[in-house]
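Read from first to last, the chains carry the letters A, B, C, D, E, F, G, H, I, J, K and L; within each, the first residue is number 1.
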Amino acid sequence: MTKPVFILNGPNLNMLGTRETDVYGSQTLDDIADLCNDKAKTLGMIVDFRQTNDEGELVNHVQEARQGACAIILNAAAYTHTSVALHDALRMADVPIIEVHLSNVYKREEFRHKSFVSPVAQGVICGFGAQGYELALDAAAKLI
Amino acid sequence: MTKPVFILNGPNLNMLGTRETDVYGSQTLDDIADLCNDKAKTLGMIVDFRQTNDEGELVNHVQEARQGACAIILNAAAYTHTSVALHDALRMADVPIIEVHLSNVYKREEFRHKSFVSPVAQGVICGFGAQGYELALDAAAKLI
Amino acid sequence: MTKPVFILNGPNLNMLGTRETDVYGSQTLDDIADLCNDKAKTLGMIVDFRQTNDEGELVNHVQEARQGACAIILNAAAYTHTSVALHDALRMADVPIIEVHLSNVYKREEFRHKSFVSPVAQGVICGFGAQGYELALDAAAKLI
Amino acid sequence: MTKPVFILNGPNLNMLGTRETDVYGSQTLDDIADLCNDKAKTLGMIVDFRQTNDEGELVNHVQEARQGACAIILNAAAYTHTSVALHDALRMADVPIIEVHLSNVYKREEFRHKSFVSPVAQGVICGFGAQGYELALDAAAKLI
Amino acid sequence: MTKPVFILNGPNLNMLGTRETDVYGSQTLDDIADLCNDKAKTLGMIVDFRQTNDEGELVNHVQEARQGACAIILNAAAYTHTSVALHDALRMADVPIIEVHLSNVYKREEFRHKSFVSPVAQGVICGFGAQGYELALDAAAKLI
Amino acid sequence: MTKPVFILNGPNLNMLGTRETDVYGSQTLDDIADLCNDKAKTLGMIVDFRQTNDEGELVNHVQEARQGACAIILNAAAYTHTSVALHDALRMADVPIIEVHLSNVYKREEFRHKSFVSPVAQGVICGFGAQGYELALDAAAKLI
Amino acid sequence: MTKPVFILNGPNLNMLGTRETDVYGSQTLDDIADLCNDKAKTLGMIVDFRQTNDEGELVNHVQEARQGACAIILNAAAYTHTSVALHDALRMADVPIIEVHLSNVYKREEFRHKSFVSPVAQGVICGFGAQGYELALDAAAKLI
Amino acid sequence: MTKPVFILNGPNLNMLGTRETDVYGSQTLDDIADLCNDKAKTLGMIVDFRQTNDEGELVNHVQEARQGACAIILNAAAYTHTSVALHDALRMADVPIIEVHLSNVYKREEFRHKSFVSPVAQGVICGFGAQGYELALDAAAKLI
Amino acid sequence: MTKPVFILNGPNLNMLGTRETDVYGSQTLDDIADLCNDKAKTLGMIVDFRQTNDEGELVNHVQEARQGACAIILNAAAYTHTSVALHDALRMADVPIIEVHLSNVYKREEFRHKSFVSPVAQGVICGFGAQGYELALDAAAKLI
Amino acid sequence: MTKPVFILNGPNLNMLGTRETDVYGSQTLDDIADLCNDKAKTLGMIVDFRQTNDEGELVNHVQEARQGACAIILNAAAYTHTSVALHDALRMADVPIIEVHLSNVYKREEFRHKSFVSPVAQGVICGFGAQGYELALDAAAKLI
Amino acid sequence: MTKPVFILNGPNLNMLGTRETDVYGSQTLDDIADLCNDKAKTLGMIVDFRQTNDEGELVNHVQEARQGACAIILNAAAYTHTSVALHDALRMADVPIIEVHLSNVYKREEFRHKSFVSPVAQGVICGFGAQGYELALDAAAKLI
Amino acid sequence: MTKPVFILNGPNLNMLGTRETDVYGSQTLDDIADLCNDKAKTLGMIVDFRQTNDEGELVNHVQEARQGACAIILNAAAYTHTSVALHDALRMADVPIIEVHLSNVYKREEFRHKSFVSPVAQGVICGFGAQGYELALDAAAKLI
């Protein structure tokens, strides 16, 4: 398999490890990218790891995945709860989609319980911090 | 009349014709642009046909319309249902606004029944596929 | 094609042009019937234009359309928002259905935002006054 | 003044005095008509007293009132709570409208607390049985 | 016993057997009338079987039942969910009332789960197609 | 009959005639008191006319009415919509209670549609300005 | 046919005939079992009649029905309104399911209007007391 | 580590592989138990794999876990959505809790979106079929 | 008086004193049983003190109380908020029922504010820890 | 201990024993005051027993309690359900607060199920009539 | 300008500085009055600073402001969220109204998010402690 | 202090002064920037004044503020009501945040009453037009 897994990260995840470490853990997004690269190697996969604060750009990445990726692992952060545009892009993506969250969103504010990603994802993994990305790669390896 | 009609298209409409053709039809957005240009010619109008996945850019286009367009035909796609920013931009636009949807949104998910565009539009046309744009041009011709 | 398009009008539309002209325009229902006949002629179609204040009679007309019409253009007025009987009749009608409203109902009271017609119609056209009927005929011509 | 006051009664009021006398009192609708005629005479007015079980017919009567009546006293009974068609007809009626109910509807089931008549009526009188019609005539006399 | 059982059928049931046979079965309303007559004979009862698309007329039939029927079997179809007028008429009817639906309404749209008939009926039978009428006659035979 | 009718007025009614005359009319509360006294005289009744801005004092007046009045005519103004204390006092009052409002509250903000007075009143009269008090006295005369 | 009809009864139905006879009638559950056995005999069927107060046990019975029964007649009593576990078991049951209630649940508290059984049942019979079981056997005989 | 991971399965999961294989996959619960045992071995862990249809028994198992287990992997099935008792037991359990679902519950009925387990779990894994249990064991290995 | 007071305790109360002592206090359920026995003795009463994690068993105990107890003191814990079965059993119990909670449930999660026990109990005592049982015995002594 | 327990009573409780004795019992508020004084004596406490119909005065009493009382027993009657001012005063009171109601408010109208007192009280006692005050004193004795 | 600015303070603000200093700060209401007087002096204004726990009295103060004040600065505390009477008084006040809160009410309980003052105020300042009053005076100086 | 105050303006604020001057006043955004610079100078502060129509860019600016600003004054316009991404960015910002709106948003449409900014801001100032920015600078000066 030559196409990468797209690992897409939404708004404010670039701040990981610097703020609210009680909620999100102390690893930076670069640490997580490293973790994912290592894990992917053991699975014979490659990853394309990206982050953006912009809803439109996130939609672009998902659209790009349709041709360019074998699977999408998506931590859409805040856009999870508000973006119908993202929902629509994912519905057209034609590759397996795995929703990941670092924290257990169901322990947090009510408005984080609604996900526009879940209804178009294969499955959801949340609450396991950075390990969640590794589990998602395991799951992706099996799905593709 | 020398100002064009702005025909503005929102997120994921650039994917038209390639995916979910049962919902949106098999025409591509380029096909629709051609259709609109042809129709406009018969009405003695010109069109400026655009698409963007970005909410902020869509707001920019609407703001630009205030000076640069004689009317707006808007298929805001997902932003129809979530964008107060778009609503506010349209409220200031000072030209006739026609809301278009390819599919009949009222047959789809509950969250697509709410429109932030409708309360600031002259009228709504939905469910007629690409023909909806032609009908909108007819309507625009009469309004301006 | 020899079957007419049924253009069915619901309660109080017989009062058009005499009251609330700011909302509904100054044309009478007869004016609109004339407009529709003219438009139909240009499309090689004929129309059967009716109005009733009675829910049961409106249901009868829709049932009659199943055998006797090639399409239904329906401005159900107040029954749009309350009539499950109309909804059920339309669901059985087996011909294309186009929902029309003179005003943009989404700019009006909350109770006018709910439509029992929309989920069983091909598409919706609202807010363009009498022109909406002409646009609906254009759409019907293409659908049949 | 030569135009009568229309006193319009909705569904099931023809059964008055024979059933549920604990809720509606023991007077028949004919008794109430007599009461109204007597009261009107003392006020120098004439009344046109009607009853129908049919929503469409009730709408017709209200439309007729626009030309033929100086005021409408309306006990729409069940249609009070469900008829947008009646609401629309009343909005166009151009004469004073007084809503009457025999019983105090606010003491009864939740679905009787919603009225489509109230927002288009001058005022509401409820809970005084047949006397409510007399009070309504007093009010009408002052309004016209 | 000489009074008939009124079997009253609401809007669109006259279309039975011709449309949506997956939901309502392939029997026509005449077939069901025959079935009811046969069944009634075995129970020593007679039936008066009617259908109307009109809410007001359905109210009239229920009012007539008060003197003229020993029981009401009512399939009010769409008016089940919207008619307070029917509810009020039934409340005054003074004979046993059995609510019947061909389909299991609780498997269908949310708006069909609300019934204005149920709170004033003795019991409800739904989901058994035409046999439901026979079961209702059995129940009526026991109640009267 | 020697006990007076208590006519109790709630908060801000002492400002009548000076502000918002489009909603409440131009008569002062003193004008209305005079009107009530005159009307009462023609009915052989006497009135005790009071106003207070204080919820607790309004409750006191209602409690006093139990022994000291033959009926209560109550325009509770804002407390209509918020006071459970008033509701409880009225429930214990043991004399006929008539709810009056100068304006048609059902034409105004949603929060004015809820009344804690209506469920414990004999009836409601609203929308007839100062005349509403006269109609209420007519009704009271008949009830006592 | 050799497999029995399972007639399953939920919590508190073992108390029948001893308490709240105004709601549930004076027959005991044993009386109803007898009635069912008699009725089944006339239809050439046999019944397996059970009762339990335990949700888990009721789920077990439904699971057992999949192999061991030709149909399920289920009066789940309180678990009707709360048990998703029961709903899931029924969904897998692969035999016709008929929901029965002794009383008309739609005349009772709001929380009894919601049924987790109805969406997975063939049909519903309620309000006819013990006779409801007989009607259900009639219906089952036809379905299997 | 000598304490086992409790893998607790709720109602109807004993039916796995025999019914609704489109939703839950074709593996039986025994297959999943084998998978878990194999996986655990590779992680140096042991598992205690149980299933029950009974809410009370499931609560007992969770209580037992407090002393007897190093972690809980819980697929509570239907009780996920209704059991406050389970929620309370988990809150006291003092070992890491991982919520697992075979299907993506967020793609199913609304009533399956509410979980009483999530607010007291470390994390959630859903939509990956039997593999979800393996991922949960991976996560547990890291947490303990 | 020879019949005991049944003191029934619901799910997870067997864990008292070992977990969440900030919410529930440090006394074990055995401590509370002792307290109740002592208190009962001073009142000349005897108690039958039970606990179960099982909804069905709790229903059984309540049914048994009808013949075997002079009163029920019930701390239904989680089943308070979810069990219609318990509600129905209590409604048939024919002895005074007192609802007790150790903590003030109204200070806790929203889902603990709804009680299916309260509408069928004589009264409620909550927030006083183990003393609440003693107060309940005082209340029971007076009621029987 | 020299500071008294404040026993504060809200609106309409001064009418106790004279009206609605089926709901509130036949004891007057003076009877309850006597009962409380007697009970307090046996506990070595003194009480300061007050009643007011005025929300502001009730707030004053609660503020006074902060310095002048060792505990508050509060039957806020109607203000329980509407007074945020009372809630705020209680939050600042710094002494144990016990909420008492004579009747079981959870058996009454929906609007009596909401309490602004409960979230700031130690505990709640309701449904035991005048004895509820005695139980509250027992509880207070233990808390202080 | 000779008329003072009325600075009106609602219930429990007299307790400022003594309780809940984490929410409201450590300044007393007298401290704030001093601050306001000083600030007013620098703006050439005078202030009339009042506090009351009574809703009726607060209404009186607002009514008095109509003639006696050049502006109202209002911290209505708890009455902000519940008082329609206050809303009505403010609507008639005819002078600029500025709503102030010491704390950021939008960070607190849901019931504090609703304000009956905001819709009739010029603007809102909240979350800045005592400085909020100074800012309000600045704003008032500009408005008058 | 050398770090500037970031004054961030959201979508459509670049149109200020040209449209809807009745709602937003006649000043342009440049006018407001000048006003802020002047005011800041008097306070010994400097400001960095920005505007964007793009949600992602607004998030970037807030992230930049964490290191580069001493405070944030934020008029997020439409994104106030919809942007969880903005909310999350602000939560991590670690500098005082002041929410400003030109108009009183609580007088406008319901969807403008919800703010994702308020729960993470120090305070809110709205309804004072351009002066609101000056007041915010005053507040910021005190907070830093």
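As a working rule, contacts are C-beta pairs under 8 Å (C-beta built on N, C-alpha and C of every residue); 3 or more make two chains touch, one makes a residue touch a chain.
As the structure is a computational prediction, the values presented were derived from the model and not from experiment.
Fewest steps needed to get from chain H to chain J, stepping only to touching chains, is 2. Minimum number of contact steps separating chain B from chain L: 1. Over half of the residue-numbered contact pairs of A-L are shared by just one pair in B-C, K-L or B-L, which is B-L. The chain pair with the larger count of C-beta pairs in contact, out of K-L and F-K, is K-L.
As a whole-number value, the distance joining the C-alpha centres of chain A and chain B reads 31 Å. Spacing of chain E relative to chain I, judged by their CA centroids, is 47 angstrom. Between the Cα centres of chain I and chain J there is a gap of 24 Å.
In chain F, the residues that touch at least two other chains are 54-57, 82.
Chain pairs that touch one another: A-B, A-H, A-L, B-C, B-L, C-D, C-E, D-E, D-F, E-G, F-J, F-K, G-H, G-I, H-I, I-J, J-K, K-L. Residue ranges on chain A touching chain L, taken from their complex, read 10-12, 14-15, 18-20, 52-57, 77-79, 81-82, 111-112. Taken together, the chain F residues at the contact with chain D in this complex read 104, 106-107, 115, 118-119, 121-128, 131-132, 134-135, 138-139, 142.
Contact residues of chain E toward chain D in the complex are 54-57, 59-60, 63, 66, 82-85, 87-89, 91-92, 94.
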